[in-house]
Each structure stands twice: as C-alpha cells, then as structure tokens.
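Common to both upcoming complexes is chain A, partnered first by chain B, then by chain C.
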Partner chain A sequence: MAKKKFVVGCFEDEAVLFPAVKKVRAAGYKIHDVYTPFAVHGLDHAMGLRETSLHTAGFIYGITGTTTALSCISWILTKDWPLNIGGKPHFALPAWIPIMFELTVLFAAVGMVLTFCYLCQLAPGVKKHHFHARATDDLFVMAIECTDTTNTDDLQAFLQSNGAIELSVQVAEEGWWFGRYDNENVPFQNKEIVAA
Partner chain B sequence: MASIKMQFEVPAKMKTWSLALIAVGLVALVTGLVTKGFSADEHEQTQFWGTLMYNTIFWTLVCNAAMFFIGVTTMAMGGFQQSFRRVPEAISTMVPIFGAITFAVLMYVIFGHKHHIYHWLDTEAVAKDPILKGKSGFLNPVFFVIWTTLTIGLWSLFGWRIRKLNNEADGEPMTAEQGATFIYKNTVRAATFLVWFGLTVGSTIPWLWMMSIDPHWYSTMYSWYTFASSFVSGMSLIALWVIYLKNKGYLELTTQEHLHDIGKFMFAFSVFWTYLWFSQYMLIWYANIPEETIYFKHRVQGPYKGIFFLNLIINFLCPLLILMKRSAKRNYTLVAFMAVLILFGHWIDFYQMVMGSLSKEHVTLGWLDFGILSLFVGLMIFFVSRALASKPLIPKSHPFLKESIIHQV
Partner chain C sequence: MHLKYESQLREPLVSGNKNYRQVTEDIVRPIEAKPTRLWYVGFFIAVALLLFGVYSVYREVTYGIGEWNLNKTVGWGWDITNFVWWVGIGHAGTLISAILLLFRQGWRTGVNRAAEAMTIFAVMCAGQFPIFHMGRVWMAFFVLPYPNTRGPLWVNFNSPLLWDVFAISTYFTVSLLFWYSGLIPDFATVRDRAFTKLRKRLYGLASFGWTGSTKHWQRHESLSLVLAGLSTPLVLSVHTIVSFDFATSVIPGWHTTIFPPYFVAGAIFSGFAMVQTLMIIVRKVFAMEDYVTLGHIEAMNKVIVLTGSIVGIAYLTELFMGWYSQNKFEGYTFWYSRAYLFSPYGWSYWGMMACNVLSPQIFWSRKMRRNVFVTFFMSIIVNIGMWFERFVIIVTSLYRDYLPSSWSVYYSPTIWEMGFYAGTFGLFFTCFFLFAKYFPVIAIAEIKYVLKTTGDGYKDQMSAIEAQPLEAFVKDQTHHH
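Let's look at the complex of A and B:
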C-alpha cells in the first residue's frame, strides 16, 4: 500500500482533545484516526465517524445460522433419515429450537469476530504502524492525513495552539501488511548495552 | 436549573380521559357484577371473578416492577435512571392502591369459597386427593391470607420507604459525606425491598395466586415467567410515561440516550420472557407426561390456540425484530408503539394464564375483559399523574444526577 504522510499531535487530556478534534475538522483537515488509551464516549460523533455496520453483519450471520440449522436438521430428520424418537412427530420443532439457537449464536459470534478483525485490519502476524507508543498508556494521539498541498508546519502550529503537547510528522504505510516492521518506527528502542 | 420545568401539572384533558376510562370501567364492572358476578351459573361467576383476578394481579405486578427497577438500578449503583426516576417512583405509588383491590378480590374468592377458581378450597375434595393433600401445607386459606397480606403490605411499605428517602434529593445540595450516607441508606432500603420481591414475585406469589388455579399441575418456571412478564410490561409502562412527559416538554434532562437504555430493557426482557416461556414449554412437551401436558392441552390444541400463538408473536417476534436495531430503540414513536404492544401482549398473556385454566372449553375474551382493563388503565393514569404532580420531576440534589445528565451509550 502506498505510503502516506501524517501530522501527529499528542494530547494529555480528553477535555483538550474534544475541542481540538472539532477545530481540526472545521479547518478542513482529514483526521486519519485518534488513538486513545481507553474508549472515549462521544469521540466517534466528534470525529464524524459513521455508525458501524458490524451489527447488520451480525444479524445476517445470525439468520444464516438459524436457516442452516433448520434446513439441515429438518432435511435429515424428515427426508433423509426419519427416526421415531419417543413417538414424537418427525418435524419436532420445539426440540430443534435449542440447536437453531446455538447455531445462530455460533454463526453470529464467529462471523462478527472475523468481520471485526477485518474492519479493524487485524490478523495474526499483521504489523501495524504505531504513531506513538504512549497511546496505549496515557496519551491521546491524533493522526491527520496530509495531502500534497498540506503545509505541515502550519498544521503543527495549529495543533500546538489547540493544546497538543507533542508533535511530529511521520510517513507510514496505511492499512495492513504482513510480516515486517518499519525499522524507523520500532516502538521500543533496543539499545546496545556496552559492558564497562 | 432555572430553565428546567420541575413541576408536572396534570393537564385537564388527561384528567378527563382517565375519568372517562374509569367511568367506562365502572359501567362494565357493575354490569358484569349484576349479569355474571351474582349469576346463579357457576361458569358466569367464575368468569367474572377470574377476569377481575388477572387484571388486578397484572396491574399490581406491573406497577411493582417499577419499584423493582428502582431497586435493581440502586443496587447496581446506576446513575442513568436519575433524570427520570420520578416516573417509576410515581408508577410504584400504585402498588398500595392496586394491591388493595387485588387483596379484596382474592379475599372474596377465598372467603366466598369459590372452589371453581381455587379447587383446593374444597376441603372434601382435598381429603380424597393425595396430591392436593400433599400440597395442603402451602395451599390452604390460612397460609394464603397471611402470605397475601404480608406480600402486599410489605411491597407497599418498602416502596414507600424508598420513595420517602428520595424526597431528601429535592432539598439542598448534599456534601460528600451526606451524599455517601444517602446512597448507603438507599442501598439498604433497595436491598430489603429486593429480598422481599425475590421471595414473593420471584417464587411464591405467582404459584399461590395463579398457578394454584390448576392445583395438580406445577411448574417451577412459572414464577420467573410471571416475573419476566411483569418486568417487561413495567419497563414499557415507564417508557410510555417518559415519552409522554418528553412530548409535553418535561424531563429536559432525559434524552435519546436514556430512551435507548429503556428500549434495551424492553428488548432484553422480551427475549428473557421467551427463554422462560420456552424452558417451561419444551420440557413439558418433551417429557409428554399427561399430568404436565394437561396445562398446555387446551392452550395449544384447544380453543386458546389463537391467543397462545398471538402471545408468542406479540411478545417475542415483534420486540425481537422491531426493537433489535439501535435506531429503533432511539425512536420515540417506535418505542411508544412497542410499549403499548408489549403491555397489551402481556395482558393477553396473563389472560390466558388465568382464564385458560378457568374456562377451558371456550375463550371468554370480550366486553368484560376490555371494560375491566379500561377501569385499571384509567385508575393508573389518574393516580400516576397525580403522584407525578405531587413532587418535583427531577431529584435535583441526587448525588448521581450528573451521571444521568452526561449519560451516553
């Protein structure tokens, strides 16, 4: 995937972050993402993110599970291999409901986990670029995507005037890729220890 | 809070409507009493008292569920309900009123010796019946009267204590220490209520009041099933009042976020109700033992077939499919519609639970049922609106009120 340039501003407080997000958007910049140490209520609205379609996907997986269970079990027990179980009718719907329920849950759960990983671009072995290591600890990190015409110095000054405590310009590959780290962006530096 | 309307005033139109509903209900009640209640025919008598029974029990349990909601959210240290907590509080003021009516009706059934309703009242039949003899420690008039008195009395008392304590939240702002004491006291009173609620609604009362109509049959799921029914209806009633008040421009601090949570309760407990419904049904269907299937025989294959499946459609399929989406739970019109539908559905559920056992040959649903329903709806609107008007709508000094204001889901 193509490399892109980002201006990264770090904030220490969510009370500072919120107005900054609004101002950055009002100024017409495109926020790539905001990385926070914990889920911040209302940030998705402030960033103007659209509602996730994960639940719609979940519903579709769920009814797929129900249909699979019902069609499979009804075909087996009424057409393919009818058995007399305790004198019950072959089409014994109440007895199948637990199985239909379980398959609904199974399909919905597995499907949603996979979809969630796809939407967040997560998979085993995938490496992602870290804009700032402290985003997982105590820092709110806002990454703004630059275009050809973006003046990074202006943007950094703008972020600083809105309360950013740390600024940087980073070039990173967007999205996901397999198997390698960008060497310049190793989150923890392995320093050589020289014996005295 | 200068711009916030703290005081609800009962609109004249609402009062007129509630009185009109009560009048219609009273006409139905008197006509029913004359034509059926005092009729020489046992079937007619049974139908009349059965109709009164399921209506009073339904409305008492629904209004008590509002206090259960307050108790549970208090124990969970919940904050989101504070901006509209006066609504469930006002609904729970109906417990003593509807409780008294329930008590009167049940006492009439017991002391009027209506053994067509409670077969176990017939001492001669019990003496010859080993099953009823074995249950006579539980199913006897003395236990019934004492337990019913205690139940209704303590629901009313504990609910009143919680409401009374919360008047403090209308006073001056509390210091941190005062707030902590207030919350602690709330927790203790809510816990007391919940323990008693568990002992009654969660176990004995539905067995005693409704399941004992079929004294040979039993289901341990029955009480939980009744509880789920009453709680989901209680949430729907709270939703209706909240939406009504929002519509009239009150409850400014209650937003879509709170409605979303109420909607979630309605959705979740509809599914919970179905879970219990199915747990009761499937085991009996699977085991296929005559003494157990007798309860479902005339409901699934007999005259109650239509109502039985309508019940499932209204109370399970509709809430499941309609309330599933987030946008549906945040839509005032849709939640109001679903609340009415759920209340009606569970009223029908109570109807088939009681009348399905009293009148096995034919469905009696008719003018009497809807007339008595109108009486209870009228009473509910009349007294709840009065209770709402008697107090500030927002507990302005409640320590958790801020949590409710900034609530977001």
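Let's look at the complex of A and C:
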C-alpha cells in the first residue's frame, strides 16, 4: 500500500476550526479529513463534502421489508396452505399490517446499520491510523494531504496562524478496505471558497 | 439545523461549568476506576437472584407448567403479567432516544444511554415469559415461519400472538442497533485514553475502529435520525400489538378498543418510572449529578404525571363503558371482579388505582417534582401499580368465566412462579450492573454536542447573542457554514 504524508493541525475550539477550514481550502490545500469528538454541524458543508444518501438506502431496505412480508404472507395464506377460518377471505390484508410494518422497520434498520458500517469501514477488529488520540476527546484534528510540492513548514506555520495549537507531520498508509480509503472524502463542490 | 442560541430562561442541562475534556473525564471515570464494594454487593445479589430464577425455570422445564399455579380458567397468570410489565418498562428507552430526538428535547442526552440499555435488558427479561410459558420450550422455534416437513405447516399470520413474535423481536433488534450505533464513538473515546493493554484491545474491538471522521459523523447523524424516525412508530406499535393480545379476544374486560393508546401510555408511564429508579441510583453512585440534573428528573416527572393521568382516564372510561354498554358480562367484570373492593381480587384493583392514578398527582407540585427522595419512592410505587394493572387485567377477567361451574379457585402463584419473576430481576440488574461498570452510562459525544448551548458557564454568552439586532441574529442563526 502506498504511504502518504499528512500535515496535522489540532484545534481546541470549533469556532476557530470553521474559519481555518475555509482558509485552508481557499489556499488550495486538500483537506484529507477533520476528526472531531462529536458531530460538528455544518463542518461537512464547510469541507465541501456531499450529502450522504444513507437515508435513501434506508428507504429502499424498508420497502424491501414491506414487500417481503406481503408477498410471503399472501403466498402462504392464499396459495400454499389456505385455511378456512369461518369463511373469511384468505387474503386478509388488515390482519397482515402489523407484520408488514414490523418487517419494514426491521429491514430498514438492519440494512442501514450494515450499510453505515460498510461505508465507514467499521467492523470489530478494524485498525485505522489515528492522527491524534485526543480527536475522540476534546480536539478537532485536521489532516491535510501533502503533494510533492507541499512545503510542510510553510503549511504548519499557516495552520498555526489560523489557530492550530498542536502541529505534526505524519506518514500514514492507505486503508485496506476495498481500496476505498480516500475515495469517500473527495469533495464534489469544487467551487471557489472565499476566506471568511 | 442546530442553533447556537438557547434562551437563558432554560436551565442548564450540564451544570458545573465543564469543558469537553471534563465531560470525558467525568463519564469515563467509573470505567477506569476499580468497582466499589457497593457495586460488588449489588452485583452478587443480582447474580444470586438470577441463579434462583434459573433454578425455578429448570423446574418448570423439567416437570412442566404444573410447577405454576395456573389452572383451568386462569391460563395466564404471573407469567404474562410479568411479560407485559417488562415490555412496558422497555418502552421508555426508545421513547427517550427516538421521540424526544425528533422533538428536539435537549434533556434526553443526559439519560438516553442508560434508558436505552434499560430497554434492551427489559425486553430480554420480557421475552423469557412467553417462551417458557410454551411449556415445551425446546419447540419454541415453531413460532417462526420456516419451510418444514409438516406440510409445510405455517404459523398463523392473522394471530396477534404471532404479531407479538415479530413486534418484540424487531423491537429488540432495532433498539440494540440504535443503542450500539450511539455507543461506537463513545467506545472510541474510552479506547483512546485507555492506559491498560487489555482495555485498549477490548474497547478497540467494541469501537469498530471509529476515528471521528467528519464524513462518518455525517452518516452517523443521518443514521441516528432515520433510526429515530423508524423507532417512533415502532415503539407505539409494540405495545399496541401487545394490547391486541387482549383486545382482539372476546373476554370481558379485554375486548375493548381503548386498549392500544391506554397500553402505550401505561408503558411510557412505567418505563419512565424505571428510568427514574435507575438514574437516581446511577447519578448518586457515579457522581453524575452534573449531567443528570434536577431539571432532568423534573422533566421525567412531568411525563409521569401526564401518562399516569391518561391511564387514570382510561380506567374511568372502562368503568363507564362497563355500565353504559349494559352488557352483563362487562358490567360484572368491571364493577364486581375489579372495582368492588371486597371481591376476591378487589384489593389489586384498588392497589392499582392508588399507585397509578392517585399518588402521581403529587407531581403537579414543582417542589415534589424536584425532590429526589420523593421521586425515587414514587418511581417504585408507580412500577408496583403498573404490575397490579396487568395482574388485574389478566386475572380478574379470567378467574370467573361465562360458566359458573368453571369458576376457578383463588389463583395465587407458587414459589417457582415467583422465582421466575425474581430471576428476571436478577437478569436485569446483572446486565445493568455490568453496563454501569463497563459502558459509558451517559452519551459522551451527545453531551459535548449540546454543551456549548446548554452547559452551565456557556449560558452567559447567550446575552451577547440576545443583544444583537434582529437581522444579525436571524442571519447568524440560520447561516449554513
């Protein structure tokens, strides 16, 4: 696997992080990722990440569940083993609604969680490069990918002038998960960024 | 959208002027410290109860349902009472984490983790009862629709008991996924500050390699929101379906259309009471008073007085309909078997009324809502009352049949029936003690998320925002970064 060099800047406050993200992008650097201890709202937009389609996947899983329940029950109760219950219709849709609903929810939830784990490359035993141990505690950690021409000293000074309190240069290996390590963070809004 | 502004009139949800680091320290402390003697004592009591329960169930499986005092007409007794009781308790967790998330109730962050854990353990306990009630428990898998060599002979999809199989198992699975997906980032927090190799390894496994990447958080937010949206109708459906077990029958006292909303309200009522019992202990034992504040306790007490009163109205409606319908069997069940104090089970009806309807009314007083001792005492009273409710519904409708010759003798449980119930307490508390020791009992990342709007010490910054002219305020609050 190819190794890549990153300049890492840590920020203490999300209010400092936001303008820094804009300036770094405006200066033409490629932000690999920003690691945060909690979901910082609007950071995905600031980084130019596209919206996730996970909820669409959830909808598809959900209707799969509904269809599964309806088709299985109707086949079983009208074709495979029709029971005469007091002469009532074999196709008893109202009585099937509870199970159809439950399977909708079940399929949507299980499917979405598995998709989430697949997309985020999360599974028991997965080891990833952690740029800073406090990224899950109280620091907002920005990793900038270096190219051949990046001057790491300049970049570090630039980050520091924008409020980074801790800086480092790290070399990390690409991930192994179906080669998707980098693809997911490619921004799609490559419009011009004006520094705040 | 997330506002940076919250009115100063709202009381802080996190007291003690914390920063992000302190939040981590406070919540992870019980995991990193050695368990106290009190923890061991509690844990071993729970395990002892669990073992007694295992022995009771062993006897029931070996010698059959005859180990219980169920009889000719009282075919459901303590077992189904306990089943409904535990399922009801299991409703508060998902209500807190899902419905209150959709309603943007900030105070849920302090209690949602423990409430969801409670939900999962309560549903585990609930599931034992219908399974062992089957008698030949080794054939329990017959409830699943799978192609078999008996025809194939399928399960009856038109039966509420089968709806229950689907509802309870879906509810358990979805609650577990919701809970665990919220735990992943917090396990990563524990992992990244672990100073022992074993802890680093175990929490490393449990955290699935979480890094805190912005893209992952974005997906995580989407996942939480959709799971909340799915869980909201789910939580309502589960107790609705449990009430269908009764409401779709033709037994007087069960055959009523108000059962679904009445059961759901009762479930929320008992669930919140159990959350109060547990959170009052947890905040004291682990010194989490800054995160589970009196404000949280007050908010939950408001839910308790509301749902308790809804349940009260349901009881009165039933009595009214028992008379208004002029149906002899309904009238007999409601006005003799239940509401007449000197009928064989009249004591349980009035116990229920006193615990569920009358006593929670003290929570109209703000002073009482914010009193920890009163709340703790009331939380136990409410759960006793809710147990009586299920007992009343089941036993008083069953012990006198349409045919006086099959009226049963007075039903009371055997020691093994009670032992089974005690055993589920053991299971519940064994799980809860392990959870309290090894899991972050409060959602760390979610507390940090609301800290700067609702934390004590950040509140005063709101006056600066309030001083802005209106246009600037609107622009600032609606600005998408």
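Rule of thumb we're sticking to: the second predicted complex is superposed on the first by the 169 of 196 C-alpha atoms of A that agree within 3 Å, B and C clash if a C-alpha of one lies under 4 Å from a C-alpha of the other, contacts with A are read in each partner's own complex, and residues count from 1 in each chain.
We adopt the following convention: a contact is a pair of C-beta atoms (placed from the backbone, for glycine too) under 8 Å apart; a residue touches a chain by one contact, two chains touch by 3 or more.
Since the structure is predicted, the reported quantities are computational estimates derived from the model, not experimental observations.
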Residues of chain A touched, compared between chain B and chain C (which is higher): C
Contacts of A:42 with chain B and chain C, given as first, second, both or neither: both
Partner chain in contact with A:164 - chain B first, chain C second, else both or neither: neither
Partner chain(s) touched by A:24 [first = chain B, second = chain C, both, neither]: neither
Which of chain B and chain C A:73 touches, first, second, both or neither: second
Partner chain(s) touched by A:119 [first = chain B, second = chain C, both, neither]: second
Which of chain B and chain C A:95 touches, first, second, both or neither: both
Partner chain in contact with A:133 - chain B first, chain C second, else both or neither: second
Partner chain in contact with A:155 - chain B first, chain C second, else both or neither: neither
Which superposed partner A:86 touches (first chain B, second chain C, both, neither): first
Overlap of chain C and chain B interfaces on chain A (superposed complexes): 41-42, 51, 55, 95, 98
Interfacial residue positions of chain C with respect to chain A in the complex: 1-2, 19-21, 24, 145, 151-154, 156-158, 160, 162-163, 166-167, 170, 173-174, 177-178, 181, 184-185, 188-189, 191-193, 204-206, 208-223, 225-227, 230-231, 233-234, 237, 241, 244, 444-446, 448-449, 480-481
Of all residues in chain B, those that touch chain A in their complex: 278, 281-282, 285-286, 288, 324-326, 408
Of all residues in chain A, those that touch chain C in their complex: 18, 33-47, 49, 51-52, 54-55, 58, 62, 72-73, 76-77, 80-81, 83, 85, 92, 95-96, 98-99, 101-103, 105-106, 108-110, 112-113, 116-117, 119-128, 130, 133-138, 141, 184-185
Footprint of chain B on chain A - complex, ascending: 41-42, 51, 55, 59, 86-88, 94-95, 97-98
